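There are structures below to look over.
One chain, subunit A, links the two complexes that follow: it is found with subunit B in the first and with subunit C in the second.
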Partner chain A sequence: MPLSNDELVEIRGILGREPTKAELNMFEAQWSEHCSYKSSRYYLKLLPSDGEDVIIGPGRDAPAVKIFNNYAVVFKMESHNHPSAVDPYNGAATGVGGIVRDILTLGARPIALLDMLFLGDPTDQHADWLIKNVVKGISDYGNRIGVPVVSGMTWFDKAYNRYPLVNVACVGVVEISKLVNKVPEANDLIVIIGNTTGRDGLLGSSFASKPLDSSEDYLNNISAVQVGNPLIEKLIIDFIVDITDLGVVKYIKDLGGGGLATAVSELTADYGLGATIVLDNLHLREHDLRPEEILVSESQERMLLVVSRDDLKVVQELLEKYGIQYSVVGSLDRSGVIKVYYRGDLVAEVPAKALAKPRIRLRDAVVPKHFNELNVEVRITDIPEVKDLRKLMLKMLRSPNIASKEWIYSQYDYEVGIRTVVKPGYGDAAVLRLVEVGDGLGIAVKGDGNPRYTYINPFRGAANAVAECYRNLVSVGSKPIAIVDEVNAGNPEKPDHYWYFTEMVKGISWMAQELKLPVVGGKVSFYNEDLSMNSPVKPVATIVGVGTIANIRNVVTLDLKEDDDLILIVGTTYPELGATEFLQVHLGLELGEVPLPRPSSELRNAGFISELVGLGYAKAVHDVDVGGVAVAIAEMCIKGLKGVVVDLSKVPNRGCSRYEELLFSETQARYLVEVGSEVLDVVVDLARKYGVDVGVIGRVVGDELVISYDGHVLTKLKVDELVNVYENSLNELMS
Partner chain B sequence: MYVVEVVITNKRSVRDPEGETIHKELISRRGYANVKDVRSGKYLEFLVDSQTPEEALNYVRDICYKLRIYNPVVHDIKVRLSA
Partner chain C sequence: MIKFPGTNCDLDVVWVLRRVSKLEASSVWFTDFRVGPWDAVVIPGGFSYGDWLRAGAIAARSKVLDEIREGIRNGLPVLGICNGFQILTEAEVLPGTLLQNNSCRFICRWVKVRFYNPRGPWLKLVPEGLTTDMPIAHGEGRYYIESEDVVSGKPLIKYVGNPNGSAYDIAGIASDDGIVLGLMPHPERAAESELVPRGRSCGGLHIWLSIGESLRVGW
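Here is the complex of A and B:
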């Protein structure tokens, strides 16, 4: 957003004179919310980021966490919300390009992508166009650079009809000894590689740091539209992987938001250095570019390398081998000042630290007026009895938030690279084989977020997103090691929007601390507003987590495996129907107390599940999430093509008085597990040892899902029919 | 009946990686130095039942906008009658 008057005064103070045009653009880019985190930094300090395996925490373009012996996982998430709202295809595609380059900055080989999408109602024409193009943009870019999209999540809500949230994450691996993590020094060279710099995407970060005006005049004149070129990105990936092996690059940075100005200011400020940049040396697309444009262009597929003078030749040779364009644009020094020259003139001279880190801007936060209206206790006595459970079950499975997302992931090449162990839809998290690290080793990855929860209660919703991610990683048999977060909120200048941001960060911080999950990196996206509706879109905290798997053969999927096995529920069920899918589908209500986050139950129950998986007793595991036990058990039937007879009277609970609570409550920290009947006694003993509540609620049998209460059959559904509704609903909606 | 042609290209201010690649890798690299730029795009032909040519053109222009066959934020569109 354009600099405020206060900021202009501050800039004059820093420089001791009037800023030049180039300097103004550099400040505008770097002091934008997107690049500087000026409204969010104060709260982000709350997030726990340390842990014994954390090698590089927040601060760099991506973090690195140790996995197994000599390897690190590098993963990060970012949003491309504004660009996707105006140009869904290119906006989503360039989001993928950007996050992949973040992973490359540490020299890691990108192995997987995840997308967390918050989309409108597919029956709305504009939303439908956005949805199809967002998915196609991710798919085309991901497929062309050969990195599979393995996991993610999708949420549909008409609040996103005109303004979708597109969060993408990338996961990479690298040998720890090869991490690109040296200290840049004076006299080192700054090399820009990749795409030519053009007028496209001027001040995109500034564009993303103000509300999106949806008027046609405005939209038709945006200069921030960027088009990705995956062919160049693929060359950059191959080059970085090769050059990392040679160990000759000291430091790498993406030219993302804020372009060259941001990259150079952060590089110099972080290491207490200065730099001299000669813009004439940069390879340009258009030759009439002005220096103030070159500095803040956000042309895609460009990266900055710091190379010592001695190593330049080796780097140049490899760049030429790959046919990647590059320019040596300048060098580092000890001055602490960035000097930019163009055609012999000094066009900017700015102290690096003052440019890189503007003052923290604490904004006012107030609880929104509707908070109390939404946060009402939902009592079962107020809920009309379900007359036709069969119909309701099918309606829930048809709900786009529940139904299979195959329409989306079938457009992704999720198997490219043959690492994918668990196919999308079959496990609570994606599992990737790490052959380069060691035989049988792997990682699990998953992304989660629930805008219904965060809209009603951002603190609880964000905490639950962390917990859900944790459960998903545990379900497949992995050990969660770290998470990254993306907080998508409204306009920070509006106190009732800003409050959502502060609450979400507090929620993530609390749950991450309790579960001992370091938050190793993250992003904040503000100004997610639909001005045509005059409201923020539903704010959401998205969490992506990674877990390690010591033996890939022990990985557990969620599909039922064998007749006569028993279904256990792990964890106590409470009467928590507030903010549930049940309330939405049954009564069309989106309100009520969000299910309580339960960190100590999460830890206890996860410990028990991990032990069961380790001992090989758990044949299928599925976490209980949106839709409660009803949806979880149906999904296990659908994926396993087997029936189950469920007796809800066996669900361990406190305070539930009607079966609807047992079936549809979204109480946290619960799992469903399939075990052989021969190990039941051992499993129950183990549960007692862990202090975990378990109940045998069903048996795998036949080809129907039978839901009963203490011998009384409530409904029967043919598995074939469940499959049909669950697998095809989204397809039908999108065709 | 009228045949209406629609040509959709990225706006001049928006990059065109496909055109750039064709220009650089196929043409310049083989020495055809007189070609200074290449732009790629999409071509559509509509057979329209209409009373007048103006009506046919407006009808097609309108459809392309409403159904987002092109994205006005990113693309230029040319709508013309086929000779």
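Here is the complex of A and C:
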């Protein structure tokens, strides 16, 4: 029972009597961490959410940000971690369903999905089962509803062997004048549409607001996992898009976490209204459901519409065309009280505002003991020399965190909707065209997070996730306009877990302010811990960003294009080998100082990249990320099927004394760019104007990646061999 | 364009028919469709009825298929893409059947295809042996037929590099006269250069240009 004794006393105080069973369930659902943000709200206020293009910020089911003329992008992220740990197929699938419905609440047409997955070691049997089913769940659901999964990221770590993190995001577009954003009024009707209400997902949000302690916990909580029906979701999408065009629905809400109880309490509380609900009117799957179950069932594919009495007929006609079940369950009034009737009895009578917003819980945060053990200085003199660079490079490219994720994204229909201009595997971000907005216009989308960074240093890790997302959006030639975040942390009641949450929020907030990126929405997931595991679930801040593109014909991918072109590195390299992939692969260590977030370099270097792309000088751009220059240049060769001769002595740096630092440091704010040799002088002049450090580190030539230092060849790798290792290793691991 | 519950490529095909084929096109809810006024019909991709039972099985038994059969008897060009092809084989309008991919996984990927015996309204402008690219996106796309005799001489689209275990590499097949064409790859996703990845060609374009010209001047 997640309601504490203090909370029970408070509930008695609100009601002035003992709560009924139905009321108790309503409070349990709504006051769960998942729905109420009671432990997180205080810190979430730190996040900058304002911007001149922000039309609807945090607070509603999804935010809306203006793009181009008369259109808005609506995007949001959510996690389905607990359900996916218990039932990976349904857990992941319903995560997709839920986030799509959030986008629909504003009347937007969902056009893209992203999945950010933090999965276990594929060689572990249980992790393998989780991985395959999480991916299949997303694939079966996303494909069936016709929304392409275009981007995302995947991280593999044995910390997630029994408990994966499944973050999914959806992006939609809508004409601003048609945004479903009217004020609900007294006498309006409450209509529930979609799936029948059954026993699946009973108090699911409350289940997600406590840790999973033992193996029995996994089995006993199966009934708290929702089961999806993508066909109904698809019909709801078609219905919402059509009804938005007609402009007859005033307000839409998803029946997500907390089910009917949460949807009605938030609706009434937000507008100072009350409601009368007659549960007998609701279409049910099982007829022996008790009222307290109906109120908190989290059966999927259900939405709440507020419709004026005059418009009901139009809404009904369209619902009937699509064969969508619906019930008029009640109406709004000015009482400020939610009254619920069942078989003639008043089963709940609760003041809406007191139910919707529990008091903020201030939690203690302390630095965990292992922080100092992990955050040690990594001195280059302590790192043994790399004896066989060729072997190390291949080992890195084979690492599932680096290798191609084609095994995953080829299971998603990433092209439905015929918008996907830059498809998975081709660029740093996905690019979607928006033909309804205007010819040539588009957006870029990308999701990022690095649990290695956030586990070692949550502040830096979260800040770097924002910066990386920003760079990825810039790389393809878009202008970043806003982000949403998902903070995945442990038990907020434990101060050393809660500390991770506070630090991650501070890191996101700081970097977002520096980069002038509004954080327009987000989600917090607590209790991501599993006491039956040997290693903790690593906390991670996931960021999804959107950028606008004025001409999709000018977007830039990361594959090398032409022989004799030059490779430029943009940005200064520092000796930052702490917390890198290199340290992990070379020495099996996950420690050290996380690369320093560098917001002013990010802004300056991004400005330069944007200018190069705008002028048409950049033929390929790739941000330097996990694995450093080594991995970035190899990926450009692999995707372009071209060789490069690299001279590391040309990498502009401060304080690097060995080539390993130049090749593997994960210093932020860096990019690799391919330019034609004929524009080199102009490009270098431009770099000077922007105050950006650039170095010509290589030339596109032949069919080998040759890495050298000042004329001395360190290693040579055939591009064919790189392709083989990079493209096939995850496939081999999974089959 | 016939839209079933769960069809999700209808607007994509409408867009391409208007923009590339320069034809008027609309998405019509399956219960509203009557064969009379239309010059051609496309059953687009998606997951009609959520692929319950078998892909295409339920849609193939809806009344709209009677309308379509009547149209075909009168020479109405019909194209089934992906789920539309599955529906046409389930309805026995086209021979063969589509089974689960031999990898047992959904596959979304660009593939190479080659055209054989092209004729009829959908393939009018396709030269014999044309080799080009289109993307596939399906879980049940493995074409099966008892004997090659059944398909020999018919217009065929074959994979160059079989992605799913299809018999005789068949990706698509038409009736003898080419009036009815079904294929698993998505020609509407390979009709505009801005959507075609580097190193691939616009393989769907030939089909859309063909139907545009066929409906204007005949085939």
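Everything below uses one rule, namely that the second predicted complex is superposed on the first by the 725 of 735 C-alpha atoms of A that agree within 3 Å, B and C clash if a C-alpha of one lies under 4 Å from a C-alpha of the other, contacts with A are read in each partner's own complex, and residues count from 1 in each chain.
One rule holds for everything that comes next: contacts are C-beta pairs under 8 Å (C-beta built on N, C-alpha and C of every residue); 3 or more make two chains touch, one makes a residue touch a chain.
Note that the coordinates shown come from a computational prediction; the quantities given were computed from them, not determined experimentally.
Superposition of the two structures on subunit A shows subunit C fitting alongside subunit B with no clash. In the overlay built on the shared chain, the residue A:T557 is in contact with subunit C alone; subunit B does not reach it. Of the two partner chains placed by the overlay, subunit B and subunit C both lie in contact with A:L231.
Touch criterion met: A:S299 reaches subunit B, while subunit C stays clear of it. Put simply, the three-chain overlay gives an angle of 60° at subunit A, taking C-alpha centres for subunit B and subunit C and rounding to the nearest 10. Look at A:K395: by the touch rule set out above, it reaches neither subunit B nor subunit C.
For subunit A, the partner touching the most residues, choosing from subunit B and subunit C, is C. Applying the stated contact rule after C-alpha superposition, one finds that A:Q411 touches subunit C and leaves subunit B untouched.
Superposition on chain A leaves subunit B and subunit C with their closest Cα atoms 6 Å from each other. Shared contact residues of subunit A with subunit B and subunit C: 229, 231. Touching subunit A in their complex are the following residues of subunit B: 10-11, 13-17, 20-21, 67-68, 71-74. For subunit A in complex with subunit C, the residues that touch the partner chain are 139-140, 143-146, 229-231, 234-235, 321-323, 409-418, 420-421, 423, 426, 433, 435, 552-553, 557, 559.
Subunit A makes touch with subunit B in their complex at residues 86-87, 89-90, 125-126, 129, 198-200, 216, 219-220, 222-223, 225-229, 231-232, 285, 299.
Remark: subunit C residues 5-6, 8-9, 11-12, 15-16, 29, 45-47, 49-52, 105-109, 135, 137, 139, 186, 188-189, 192, 194-195, 197-198 touch subunit A in the complex.
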